[in-house]
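Below are structures written as structure tokens.
Here subunit A shows up in two complexes: once beside subunit B, once beside subunit C.
Showing the complex of A and B:
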């Protein structure tokens, strides 16, 4: 590679990094200015000590875990079955899983409210549990493109058909095959999907706000509208959570023993 | 009644019939090879026995019980795949124990059986390794141990040696056969490699276009091929068209030269076949029939030199040992080839 090409590459990389990190640095710097004249962690202390922060964050974490469980239960068997028995259906399933990227969350939530309101045939919004469940369904839908792609990519790295037949010849039924052969072998992919789902659920606003659930997204919006420094501290926290999720994906991939052969 | 019986088995994919009226009886402890080229239906037959394909029609009985309607996991059949198919997330010992765990065998018994199996395949110290830490040959041995651990009624081997290099293939096929004989397990082996089929099997089924062309011992298949396809597919065969001069004595004319087969043959035109090792260069005791020809090719194959000579309109291959005291013939040389009339096979369609 010529010196010119190398230099250009470095310049483009540095420009990209500055473009991305400078606003973040500004954001972080401003979040430390709660106390006049000195840098302090006051905004962070206030936020973390806020009972509403703890409640909404805790609620969103629980919702994220429920969403991940629902996503895994829905996506892993579907992607497995499509790959094993219905390869012709793959483009259709991929299209369906991509729909949440083009249909706004507000359309989904209005659809939910119209279908499942208190005067409908299935009044899910009539109870807290029902509404929570509806929110989890909504989150699962929003995370579907990421979860499906992650799992499908994972399935692509193993010989699904032969492993399934090997397990069947050893007496295993579908549940054993899925839980002890397929899932452990796409665990890294599932975890990638799970961390992305976690990041989406933690920051999601529309579904939670319109279903009136005490989630972290609406809390972020409320704080942003009413406080000077805390929203910036919160944004930094939200970024940190997302990065931790990304880091965990890398970590899991690196330390996954049995996938070494495939890579 | 045979231990494994396959009767009138048929399989179609859409309009294509890939297996046609396939029949086979396998005795308990027998080692049978399904031999044939790609697309002949041998793997489909194996997969129907395993339960991975549903027959279009026909019966498969194991120990007198019809298994066609049983799911693969209900048949108690062990299978070894070409691509090993070891579970990457499990260690060698866990792979071998998989079938035992599924069957609910208790831990102590399972551990004992795993040790037994790993000793059987000669890898007792590799129980804690993952599949990716093993060579291809070791992985296939583990796959065999895993298939044998639950003590299946029938063992199916789907081209298990195809992915291995030549030396490993030879040693592993000997090991597999020895293990099969030691355990006395009924085995069906699918291969397209005639050497594997002939060296390992009690009987060989040569398949062609979904049909079992011939079922017989390796010697039968090689020395007495029933059809032109079997004769051509198994080993190298010289095929010569002959005009029958006297059907009662087997006097026929090949390339303008008359030879006697010494047995009655059908009248008219017949097809004769001969293995290269049945034809000698020059005169040889016991091979009194002589054919005149011209050398067209000479190939050095190590211990053997294979020559080709044109005899009339046919080209005949012959083998001679690599003898340092005897120079191989030269291309274009006029030679006399000797063959015993009774060694010439009359090939049917």
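Showing the complex of A and C:
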């Protein structure tokens, strides 16, 4: 490797790293400037004490958990069944799960509003609970590509057919097979999918705003327009949550590798 | 089942029921993904009273719509082109050993996080850095007397501001996708080229880049679609200052600003077409690329 190439490599890398860390630094620094002249955590204490923050944040956390539950209930049996009984259908199912990456979220929610409005055949947006449910379905759709890929990769590493037959000859039904044989075996994959889903849902803006639900993303956008420092403190919190989720994915993946190596 | 019986007993006829296991997924996908999208697509070809028309698509050429498509395309092009270049540079620096190998792991992990980090908080991060009282803005002003907006013509609420912000998730996405492709370049190819007397430049121009070309172009298409569909970052950053398609569609869904619901469906249909073409290009080129990079 020539000196010239080495130098170029370093310059590109340092430029890139600066580009990534300066905004994070800027965000953090700005969030500490609520008190004139000194750095303080004023913006954080103020925003964490804010009732609307607690309400919207709580709402988004609940939404994320509901989405994860729905995603697991939908994706694990489907991926299992496709691997076991309908391998020919795998490319088609995979294609459908990738569609949410192709169709912009704003178009999908536009369709919801048109299809499930108060005068339609299934007026989900007519009631609060119905809209919450619709939002959870929407989030499940957005998380589908990540969840399906994670679970399907997890299933690839185990012998689905043998495990199923073994369980069946011991008298297990489908629900027992799924919950006590398959799920524990793909738990790491499910957890990675779940953490990624959590990170996506917690700050999601478009769906929540257009379905008019009191979630964290729209709240953050709204106070951005009329509060000086709090939105920046909130963004730091949102960043931190994403990092923690990604860190947990790394952790469970590494943990699973260790258990496998020990065998 | 044994085949020893001379006349095979007639199998008990059963309706094929394996498809039942797929039913929940199919129903979910139909209700919350396919039918809503079809609904928008069909709406784009209907008049208000439901008859077929192409007028909505023709009307996309009126008012502010062409300019908003144009500025959306320009931002997506700029951010995906720069994202590809910078991401390629960073991936290459790590892959070809210009910088120590231990950087690779953290860089890939970071890219995984950052590529998922579009949205409202990203907008605030860039406001806090390049905004009127942001970190860099104040740094340049206090130490060099340079005012970003006045002297360099840079505002975070502009075309370039949005492009620079989008790069925060575009570059990591490029790094994530192109690093495996770069690692698939075999050492023997470079050695063979140099044995035949090729310079480093010739190797890149005649061997490496043609092999990587489908990957590069495919990733470019993916990045383009990624930027084109981004809503939250743009709204949180610029409000309605920059008239890009997702912002216009957002306003249309909120309050029918175009004064014609079906024109709104046509606007959304246009978005699907653009991101659809970009993704088809990505998938097609990816299949081509995988022929070499196994």
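Here, the second predicted complex is superposed on the first by the 236 of 263 C-alpha atoms of A that agree within 3 Å, B and C clash if a C-alpha of one lies under 4 Å from a C-alpha of the other, contacts with A are read in each partner's own complex, and residues count from 1 in each chain.
Keep in mind that, in the parts below, a contact is a pair of C-beta atoms (placed from the backbone, for glycine too) under 8 Å apart; a residue touches a chain by one contact, two chains touch by 3 or more.
Just so it is clear, the model here is predicted, and its values are computed rather than measured.
In the superposition on chain A, A:166 makes contact with subunit B only, while subunit C stays out of contact range. Of the two partner chains, subunit C is the only one touched by A:234; subunit B is not. In the overlay built on the shared chain, the residue A:158 is in contact with subunit B alone; subunit C does not reach it. In the overlay built on the shared chain, the residue A:242 is in contact with subunit C alone; subunit B does not reach it. Shared-chain residue A:184: touches subunit B; no touch with subunit C. Looking at the shared chain after the overlay, A:12 reaches subunit C, while subunit B stays out of its contact range.
After overlaying the two complexes on the shared chain, residue contacts for A:176 are found with subunit B alone; subunit C is out of touch. With both complexes placed on chain A, subunit A has more residues touched by C than by the other of subunit B and subunit C. Common to the subunit B and subunit C interfaces on subunit A is no residue. Partner subunit A is touched in their complex by these residues of subunit C: 18-19, 21-22, 24-25, 28-29, 31-40, 43, 86, 89-90, 92-94, 96-99, 103, 109-110, 112-114, 116-117, 119-130, 133-136, 167-168, 171, 200, 225, 228-229, 231-232, 235-236, 239, 246, 249-250, 253-254, 264-265, 268, 271-272, 275-276, 279. Against subunit A, in their complex, subunit B makes its touches with residues 50-52, 71-74, 76-79, 81, 83, 85-90, 98-99, 102-103, 130-132, 143, 146-147, 150, 156. The touching residues of subunit A, counted against subunit C in their complex, run 1-2, 5-6, 8-10, 12-13, 15-16, 19-20, 22-27, 29-31, 74, 77-78, 81-82, 85-86, 89, 93, 96, 99-115, 137-138, 140-141, 144, 196, 199-200, 203-206, 209-210, 217, 220-221, 224-225, 231-232, 234-235, 238-239, 242-243, 246, 250. By the touch criterion given at the top, residues 158-159, 162-163, 165-173, 176, 180-181, 184-185, 187, 257-262 of subunit A touch subunit B in their complex.
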